[in-house]
Amino acid sequence: MKMNAKEKELEEKIGHVPVFFRELASSDPQMHEAVLKIDNYVWADGKISRKNKKLMAIAIASALRDDNALKAQLAGAKKLGLTIEEVDEALRVAFMLSGMPAYVHGKYAANETFKS
Amino acid sequence: MKMNAKEKELEEKIGHVPVFFRELASSDPQMHEAVLKIDNYVWADGKISRKNKKLMAIAIASALRDDNALKAQLAGAKKLGLTIEEVDEALRVAFMLSGMPAYVHGKYAANETFKS
Amino acid sequence: MKMNAKEKELEEKIGHVPVFFRELASSDPQMHEAVLKIDNYVWADGKISRKNKKLMAIAIASALRDDNALKAQLAGAKKLGLTIEEVDEALRVAFMLSGMPAYVHGKYAANETFKS
Amino acid sequence: MKMNAKEKELEEKIGHVPVFFRELASSDPQMHEAVLKIDNYVWADGKISRKNKKLMAIAIASALRDDNALKAQLAGAKKLGLTIEEVDEALRVAFMLSGMPAYVHGKYAANETFKS
Amino acid sequence: MKMNAKEKELEEKIGHVPVFFRELASSDPQMHEAVLKIDNYVWADGKISRKNKKLMAIAIASALRDDNALKAQLAGAKKLGLTIEEVDEALRVAFMLSGMPAYVHGKYAANETFKS
Amino acid sequence: MKMNAKEKELEEKIGHVPVFFRELASSDPQMHEAVLKIDNYVWADGKISRKNKKLMAIAIASALRDDNALKAQLAGAKKLGLTIEEVDEALRVAFMLSGMPAYVHGKYAANETFKS
């Protein structure tokens, strides 16, 4: 499945656009376009770098104990230059805000991503 | 109520230690000490700056729709040099991960903090 | 503050556009436009009527125990022709999915909205 | 395992009573009876049709990012006559209230249910 | 508003039946009866004492950051003989499972309940 | 991997220290030490017995619909002398506070733990 220009723009920002999302282009083009628009605005470099936004998203997904979201966010992490040390620090913030299980969700997913 | 050395160290990191937490020193000293220990480790400058950790915490509290936590995190934000523009970017990340109401919680609390 | 055409379109769909959201037009026009676009797509009559979408949103806000979101959703409920009996049925669904406190959050907010 | 009259009544309303729940009849009969009573009240056709209540339950389970609940709700969806287009609309409401990951949870589960 | 026998039975178990719930008897008698049935089963002394069930409910409400539920659970706490020391221990469990803000929600509500 | 004294102390309190946590000793010793300190304080016998704290933690994990946390809490349950009947009662409390899906998450995990 080829990516269009807006999807390529998004991939540069978040490191990896899930296949699921690209399929949305044909199954629900209006939703796809609307989400792409807001995605491209949210994840752009700004006062906060896209790298720090990614770390933030990983911390949020971990605090929400959402393994799907964690995997989706971590998928592009290495490509954006994130290291396991940075992710660990973000997960410690999630610990304070959402407890040990939030941290553990994050650590399992992060260890999986960075093990190789 | 005077702050001890560890509390001062924490205040430098997070901008503001809530009165509630300082009262814990007398009402539950073991809990106070244990939380202080982990707090001082989590919020230290590291691979992620304390400023970016604060933004991360604001985004998480917003994604969790937790107004108490939002206020607590925002209390020290200005002192650490955060601007409303940076907070806005963090809240947009919370929108993607947790929807419009999460963003609205964050915006109300942030507007209150930065209005003066 | 005057509403633009897209906001009027949204108001017809959801019954009430919060002032907060209209202010976003000047404070963060790109975010405002992106959210408006997706809002207008999501809330349109379709296979599910806008009335049933509103009931659904009330049930979700209640299940999430989010009083801000509950108020925002209920604000337009009467204008769209919803009755307290319909809202009660939606909140009973929230009870099954998210427990007694979710139901209670919903009932307090709904009683407030429909009392006059 | 044979269903009793109350369970059959419930199955008509929600499309599918999980085996787990039917086993509860022998392992914890009082809990089974109490839940059956409230279930039969909540899911009955009323001001909101059982079909719309099912869509509502799918949207809530998605907003709560609860894959178990999503599967349980979707299990009876086809039998009640729901289509993927209706479920998609419900999931877009979940997107607005609970963000992209809530929508993605819902889409994965719905695609699985309706693929054949 | 006079309590019926089932409500009195419930009050003995949980220490305090909210006015809201008693009003449900006239506004939605079927819901009232169904909830009363399950409530009376859940909160009875059993392998776990009603006192420990109450502490458990306080810890859960705190972990869910649900101030309404916290107040409702704490309302009957003193009448059942709970002390602030026991509640504090329960809230520390909530800290481990759901983080600092969950603990803070609980502490604010508990301090309010036990201050006099 | 051998356990140190503090880990053994914790294992006595919670029945089972996850391998994940023990690995943290080498990958992030400061985090390991800080969490161990607070863990040993929280889970100690006190006004609430460690057995009742464990039941509380199971109920919270269930109310949060967190399968990882449920498994972690249940891992040590039998060793502390908990029975399926006690866990069932705790899960019924979770039902009231967080709905049917919370209860179902708990039941699946508990049945798995106690089946043999």
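Going by the order they are written in, the chains are A, B, C, D, E and F; count residues from 1 in each one.
Here, contacts are C-beta pairs under 8 Å (C-beta built on N, C-alpha and C of every residue); 3 or more make two chains touch, one makes a residue touch a chain.
Predicted model, so just to flag it, every value in this text is computed and none were measured.
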Chain separated most widely from chain A, comparing mean CA positions: E
Interface with more contacting C-beta pairs, comparing C-E to A-C: C-E
Remotest chain, chain F as reference, centres from CA atoms: C
Separation of mean Cα positions, chain F and chain B [Å, integer]: 28
Length of the line joining the C-alpha centres of chain A and chain B, rounded to whole Å: 22
Residues of chain C touching at least two other chains: 31, 35, 38, 41, 61, 63-64, 69, 92, 95-98, 100-101
Interface residues, chain A side, partner chain E - complex: 63, 95-102
Residue ranges of chain C in contact with chain B within the complex: 18, 20, 28, 31, 35, 61, 64, 66, 68-69, 72
Chain C-touching residues of chain D, taken from the complex the two chains share: 38-39, 41-43, 46-48, 52-53, 55-57, 59-61, 63-64, 69, 83, 85-86, 89-90, 92-98
Residues on chain D engaged by chain A in the complex (per definition of touch): 65, 88, 92, 95, 100-101, 104-105, 107-108
Chain F residues within the chain B interface of the complex: 30-31, 34-35, 37-38, 41
